[in-house]
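Presented sequentially are two complexes of chain A, the first with chain B as partner and the second with chain C.
Our next item is the complex of A and B:
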């Protein structure tokens, strides 16, 4: 299976025959076989020309760009090999149909809460007492099924996330603490780490959606018109507990990261380059981890799970068969 | 033909015989195969529902072996519907990698013979070949075979006309199906 590749160095990205060539300011040029590339991540200052983009385009490889301060800047999405007007029409129709949209959003929130609970359940059996929050999340999941608007669903999801994040300081080994989830800019180490991992989860979803004919800008839970791809935000919410949060717990609790891997700037806290490499290493390994899939009777990677989740949504949109957002079963 | 007038196959034949009319429904050889293999797959395919082929590392071995008998057969596109290989003898040949999906391959060939006969008034015989297994089989459009393929074609039209896909059922063929990751999710 093709892999993600991360470029940290500053340099120049160009096409050299049928490979990508990266001329780094500080070292030997590096060559990348395009066939083995799922998505390309640029973390440094990289210049590229249209020939390089052309090659990425031909092979359907999306490029995700992060700024110097870890902030996700945006993605360059190659054009699709097969456009399917039909899929987009059905997607927009589904969005526009109040009850169908609500149905999808409800399923998404239920799965998202389920996955939050799964994380807490894991730590509940490992010395922590999360019984109350677990009950609260159960109740919120039930409540989600009875809400009658996407807006009120978003309220339920906010409550769930608040209760869930409230447990992080118990789970996270000292000196990491989230205290309050803060976004822009992240105010401390735990927030910086979580923001970065959430952005990675988001780009993973962007890449998966790109492999279908679905339009990434039309989401069901989030309102279109937000700056980002709202469908990716939807799918990312399902996978954040599985991908971002678990990786964070692991990195912190196994002490793979320390405060030395962060630097405080005037306007917030950031991962250092070394820290970022450690995080991405763990994140990529997690994407490749596999679980036995009961419906497919084979082992699939977490990355494939993101893909099949998007397929399930696409199938729902096109056929009306049930959407099964990924709920951790393993 | 003495079926009643709103027989979908009858309509299909009429439309196909008129070179100027837009076809109501295109039926390709692959669709006939899929009908026999999995009606759900046929439905997906007819709607242009596709999964990323790059991600699918499994391929079903129904594809024509491009290299066998290359010098002895000539390919023709007929009405943009069917792609047939004609041998020097005039027989229509269908080459398959393995006889594992023998019945779908036979039906596809029967469809070609039927199409040539029914639409274009050309009478031909067929050869089904499995070069890897050194196996060959003659296929003729007998009255019985004609009935069989016509009922399959009605089935194809009926399946494609459905609003929703045929219900999911576990089959051995799912294991190697390109639609698996979409179909079962």
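Our next item is the complex of A and C:
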């Protein structure tokens, strides 16, 4: 199973003897096994040339680039290995067909609310009392099934998210606080942590979508705009409770992170480099965690779940087979 | 699958194996490669090794069903095997 690799070091990325070599400014050069690489994340100042990009291209490895203070800057995506005009045409038709689009958006929101609720249910048995919010989320999930437009669905989602985020402050161990979700820039430590994890979830979805012929810019729940991969945003919303929120609770409540791992700039607060390494370590371990999959009847990792979710969507778009967005069942 | 490959070959032939193994495995020490690969990849690797083999080349492949079966203790400097960070 290919793994992600994160480069924090500054240096050169180049092609050498048919694989990738990183010439670090300080330290020995390091070689990466290109055939065992899923996605490459650049967090440091890295220079590379077209030969390195060509190699990444040959092996279908996407590169996600994080800039100053690890703000997500963008991705270099390899030339598509799966091109299928048919899929793109069907995807756009599905988007344009009111009822088909609504069907997918409803499934996505229902799954997203389900996963939020699963997190609260977990903490409900661990010394917190969320019965009211759990009921509210159940009701909102039912209400989502009856909405008749994508706009009103988004309203339901906003209500669910508000109720859900309202519980964060209770779950998070002091001194971490999250009373308001604020980003651009994140206003406090918990917001900074959540923004970073959300960005990671997004890139995981971008990588997964790239392995299919689906067009990442045409989403169903989010309105396609410019410069944004709306389909990745759609899929990321399903997985944020699993890949971002839960990892945040774990890191904070086990005290793996402290306020020393953050730094406050002029306005806003961000993770330090040490803090980011801790978060990514935990995030990567979470991607590797496996669960028994009922339909595939084998163990699959969380990373594979993102992939199967996208495959399922593609199958739905192409053949009309039921779409199964990932709802936490374990 | 867990794989550990070590080789002892004449000096002028080390680069052949190094190049072959580096694309799929992590080069953890001189002539020692480690990795977590699919069964198919391992078949490929073995096939490629056999294609290069000469009389004085010695290559040993250790394998285990999953990396979880194998424990290790690392002493001294050097990256942890399987580290995803640089």
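Keep this in mind: the second predicted complex is superposed on the first by the 328 of 330 C-alpha atoms of A that agree within 3 Å, B and C clash if a C-alpha of one lies under 4 Å from a C-alpha of the other, contacts with A are read in each partner's own complex, and residues count from 1 in each chain.
Everything that follows uses one rule, which is that a contact is a pair of C-beta atoms (placed from the backbone, for glycine too) under 8 Å apart; a residue touches a chain by one contact, two chains touch by 3 or more.
Predicted, not measured: the structure shown is a model, and the values here were computed from it.
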| item | value |
| --- | --- |
| Partner chain in contact with A:324 - chain B first, chain C second, else both or neither | first |
| Partner chain(s) touched by A:18 [first = chain B, second = chain C, both, neither] | second |
| Contacts of A:6 with chain B and chain C, given as first, second, both or neither | second |
| Which of chain B and chain C A:278 touches, first, second, both or neither | neither |
| Partner chain in contact with A:308 - chain B first, chain C second, else both or neither | first |
| Which of chain B and chain C A:60 touches, first, second, both or neither | first |
| Which of chain B and chain C A:296 touches, first, second, both or neither | first |
| Shared chain A contacts, counted only where both chain B and chain C touch the same residue | 1 |
| Chain B residues within the chain A interface of the complex | 47-52, 54-55, 57, 164-165, 180-185 |
| Contact set on chain A toward chain B in their complex | 1, 60, 82, 84, 86-87, 211-213, 295-296, 304, 307-309, 311-312, 314-315, 318-321, 324 |
| Chain A-touching residues of chain C, taken from the complex the two chains share | 15, 18-19, 22-27, 35-38, 41, 79, 82, 84-86 |
| Touching residues on chain A, where the partner in the complex is chain C | 1, 3-9, 17-19, 22, 24, 30-36, 277, 280-281, 284 |
